[in-house]
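Common to both upcoming complexes is chain A, partnered first by chain B, then by chain C.
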Partner chain A sequence: MATASENRMTPGKIIAFSLVGLWLVIAAFPFLWTFWGSFKVQADFFSKADWTNAIWGTNTIAETGSAYTGQGYFGAWITEEFWQNVINSGIVVFFTVVISLTFGTLGGYALARSGFRYAFWLLMAALVFRAMPHITLVSGYLLPFFEWNIWGHLPTTIIVLVAINQPFTLWMLHSFFLNIPKDMDESAMVDGCTRFQAFWHVIVPVMWPGVITTGLFSFLLAYNDFTVTAMLLSAENETIIPAINSFLGTTQVEGKVMYAVAAVVSATAPLFVLILFFQRQIVSGLTAGAVKG
Partner chain B sequence: MAEIQLRNIGKRWGGFVGVENFDLTIADKEFLVLLGPSGCGKTTTMRMIAGLEDATEGEIVIDGKVVNDLDPKERDVAMVFQSYALYPNKTVYENIRFPLKVRRIDPSTHDERVRRASAMVELDDFLHRRPAELSGGQRQRVALARAIVREPNVFLMDEPLSNLDAKLRVSTRAQIKNLSHELAVTTIYVTHDQVEAMTLADRVVIMKQGVVQQVGTPFEIYDRPANTFVAGFIGNPAMNLIEGDISKSAFRAENVEILGLSVPDKKCVLGFRAEDASVVASGGQINAPIYTMELLGDSTMVSVRIGGALVSVKADKGYRAEIGDVVSISVPTEQCHLFDADTGERIDSRGQN
Partner chain C sequence: MKHKTFFWFILPSLAAMTLFIALPIVSVFIQSLFVGHEQVLVVSESCGPFGCSQTTSVDLEATEKLREEAPLGQFNGLGTYLNRSHLAFAEIGVAWAETDTWNDFWSVVGDLPFYRALAFTLTYTAVVTPLVILLGLAIAMGVNTLPKLLKGPSIFVSLLPFLVTPLVGSLILFWMVDSDGVIGATIQLIFNDPNLSLKASAALTWTMLIVYGVWHTLPFSFITFYAGLQTVPDDIIEAAKVDGASKWETTLHVVVPHLMPLVSFVTLMLLMDNFRVFEPIVSFSAEAHARSLSWIIYNDLRESGNPLYGSAGATSMLTIIGVVILLTPVLLRTWRDFNRKAH
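Presenting the complex of A and B:
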């Protein structure tokens, strides 16, 4: 319950609130700017004459008769078949997350419960691979992929993304499993479970926040990846991010760059939805272990 | 119903010895308590019986069957963990039901069995709650109910009371004693609390650094400790132990002279309990200045220092003296215990039975 003293505005509070407000504006501005501009024509959003055109849409009104236009979206989604890239991204992201999580939970659990020294060294090796630049993996793979004739296909990219992501998921899930007392599996095993049943019926249900958090980070890695997807996918199999890049590369044609702007907005929207939807699990996952439960 | 035989079992981790040469037969329906300070191997012994730890030596036999290579689930034991290890995402009802479910016991009997088990530990009103919404004592009772619901051959309890506050511990202890009597199942109970051991056990096993020190009924352990470790561990206060020499049937140390102990001359340790000795006006076997006095309500504890060791005697609650006054203590010869000074082993003498 708020008391009178809590509601009173002190100078300190006013400064604090205005700082937060200022930060919010600075942080959100690029997104808002892009979102607003995506409904204008190129002459406005990239206006050399007057930057305020992007706000008022002077040229947009002149060209289309309205201050807002869906040309960019129409061009990206319909003309350039951006939906195909969205489907590709969906496939890549889905399988990367599912495979990463499957191996990550099993491996993280095994490493967390193993009493052997090599568990530590496996984790150290994973850390080294995690630290390597993504491009090193790709450059090493390129030639064999060409020779085996598997370059350009989605499954190839999925495998490489899983390989890049796996050390991280292993680490993350390993530390989540460490937070779950060993007594819990042992109790389940005495109650009548096999090791795997104990894992599945007792440990995994407790692990959901950790799985969701790790899954989300894997999702973001696969969704936002440019290095791997740009190098390993042929044009017809491109995912969202390289597709946006190729829109941007075609500035010679008037209006094409607006396809990129519209595509960027389209690519960002699902992220907002996702984070809003899972924010409770993410927070409880990120802070797991901070407070003894 | 099951008899458990532990045939010279041992546990090593590399060079470290956790448990050594544990050899004991636990009778059907017996309540056995493993007692000892932390790190003495009592929990390891229990975990070997449960199958959570492999025995590196020896055989474990439950109900006539060697179980060394069986998984925990195949041994038909139930265990209560120190941390309770409840499943946080399940309700109390589902927690208790879990062993029935994973063992594929006829589902039509589940409800009745869960309710019978929960009634035994008085949890009927909490079945729909989750463990996080329960107090420590209630969680402990859920763990108990989960253990008894299956009616296993053997109960294993690993310090089940150590996370409860003192008052709750007493009432839960009584409940466990009553339950084990009612269910008549072989029970092995691990604790470092001697009061729990004395009140619950049919037999007590005292361990130290992986080695069994003494096995006996609570009475035997209290009245005839096998060595100085047991003597110093059991009883509150623990037995007074004085180092000294025996010569010509008399035990002598600084300020101490106790006659009538017919054992061979040698260095030894003499022990007696605070409540067996008394403060007398004069002519006691121990005459020393008072080191400290503690009022306990029903009595007064008078302590003196002899050769570095604190020796306590229970006096009348009305007894008053100043610290530094010389007090005379009478120790009945037949209440004295003698231990070898080097090995710590008990020396039996005349005048004891």
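Presenting the complex of A and C:
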């Protein structure tokens, strides 16, 4: 029940509201601006003379006859073959998520049910691994991968991303499985199931909320990765994030910057949809580790 | 759970981590002990009618063969760690002896590549982390007072900067603050200086990267604290009110202590992520004024044609040591908690 005093506007509340409002503008404006600008020509998007050009598209009208143009998107997707990178990203992300979750559920379950000291040490090692800057690991991969001739291929990158993902997945699923009562699988074992049967028939049917949340973060890690994919994939196997970076390297020519802008907007779109549908799971996942303290 | 069952359950995960995280660290260490081969030089004497002259040329074939036979290069011990690009003890010793004031000394040290990168990485981590925690706390409390209808959408909007790909997010900001972009051009207009660029000086570049860092990680702390605020028991707040605490006092003495465990969790996560700052430097092409440890490793590996594996390995090892030092307090505390529970 809101009382009258709670509804009154106090100076504190006004400060709080304006702080939140300011933050929301700062958070959203760059995305709106870039999205809007991606349908303009470069002279408008980077308009030194008058920033309102980017809104009304003065130069876009002069150059193309319409206030909106798909030139950037056409250039990126068709001319620069961005669709190829999108397919590569799709393959990498799909397999990374599936394999990470398979390994992670098995391992996380084991860690949650084992009271031995080595389980604790494994979790601590995973925490240190989680903190490792990815580029330090990549510098260890390159030479052996060149020697064994497995550099540049998608499967190599997938398995590397799975490994880098494991520490986080293990922690998250471990704390999730701790919340599933031990009695469930143990009573199944009293009834004569082996440990794996108990896991398969009792735990698997109830673990999906935790797995979906963890899967979202595995997706983000694989999708957002730049360090590993930029260093381990050959040019024809590039995923979208390193592809955007190489756009910048090669396309400083007039007009082509807009290809990169279009590609950036294209790369952000799936994330936008993801947040739209899974906001609740993402929020609960962000705080999953914290709730335990 | 029996040891054997545990082993089979953890095997795939453990194998992946051993092969691609633990062994690469060993491989990085071994690499750091070697340096690339020097080119094989041949001296040939050609004699003509006006006497003989010696020419030195690179024997490409022999160089190639040598590189193929021993791809690691030649053994160098800890030499790479001590050279000018890394710990540079010799250079620091000279600087110590030759400079009179602290300022001079630090400016010499600041020119050494490793220390420059370390200085930026530490500054970035030390500035972004507390800023993000304080602002996140403030915004979480602000959103908590919003009408219910507005809470969902404001969380949705807030999630975008955090979940967007770091490389892409920093590009989006970069295009805006670049001298032709909307913010960059406006700043030029305000200061009436058409050549003003955020990339022009080290201070501005660092500020720009730190602003990006805050923008990118603020949602994480905000959302964690916001979730924490939902778990503050109502009766405690009520009790504080009855005892005559003002709103501000309640926040300071009841709510903030309740969130303390979350603060240490967020700090840990932020420290780990900020310490590996890398992508924004690539996106902003800020390497002229700001290089992080991750960036100099990347740069060594990118060295066209002839990657400096030894140098990258040495910087990587030093970075890993840095991470472990950063995590020591957390590891020690967890270890103590674990022992307390066990006994």
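Throughout what follows, the second predicted complex is superposed on the first by the 251 of 293 C-alpha atoms of A that agree within 3 Å, B and C clash if a C-alpha of one lies under 4 Å from a C-alpha of the other, contacts with A are read in each partner's own complex, and residues count from 1 in each chain.
The definition used in the following text is that a residue touches a chain if its C-beta (ideal position, glycine included) is under 8 Å from a C-beta of that chain, and two chains touch if they have at least 3 such contacts.
What you see is a predicted model, and the numbers here were worked out from it, not measured in a lab.
Contacts of A:G57 after superposition: neither chain B nor chain C is touched. Contact with chain C, but none with chain B, is seen for A:G12 once the two complexes are overlaid on the shared chain.
In the superposition on chain A, contact of A:G140 is made with chain C only, not with chain B. In the superposition on chain A, no contact is made by A:G72 with either chain B or chain C. By the touch criterion stated above, A:P209 is placed in contact with neither chain B nor chain C. Using the contact criterion defined above for the overlaid structures, shared-chain residue A:S47 touches chain C, although it does not reach chain B.
Partner contacting the larger number of chain A residues, of chain B and chain C: C. Of the two partner chains, chain C is the only one that A:T102 touches; chain B does not reach it. Comparing the two interfaces of chain A, the one with chain B and the one with chain C have residues 293 in common.
The touching residues of chain B, counted against chain A in their complex, run 50-52, 71-73, 77-79, 81-83, 85, 87-89, 98-99, 102-103, 132, 146, 150, 156. Only residues 181, 183-184, 186-194, 197, 201-202, 205-206, 293 of chain A touch chain B when the two sit together in their complex. Across the complex, chain C is touched by residues 10, 12-13, 16-17, 19-20, 23-24, 26-28, 30-31, 33-34, 45-48, 51, 54, 102-104, 106-107, 109-111, 113-117, 119-120, 122, 124-144, 146-147, 159-160, 162-164, 166-167, 169-170, 195-196, 199, 220, 223-224, 226-227, 231, 241, 244-245, 248, 260-261, 264, 267-268, 271-272, 274-276, 279, 282-284, 286-287, 289-291, 293 of chain A.
Against chain A, in their complex, chain C makes its touches with residues 1-3, 5-6, 9-10, 12-14, 16-17, 19-28, 31, 71-72, 135, 138-139, 141-143, 145-146, 152, 154-161, 163-168, 171-173, 175-176, 178-182, 185-186, 215, 218-220, 222-224, 227-228, 247-248, 261-262, 265-266, 269, 272, 275-276, 278-279, 282-283, 293-294, 297-298, 300-301, 307, 309, 312-313, 316-317, 319-320, 323-324, 326-327, 330-331, 334-335, 338, 342.
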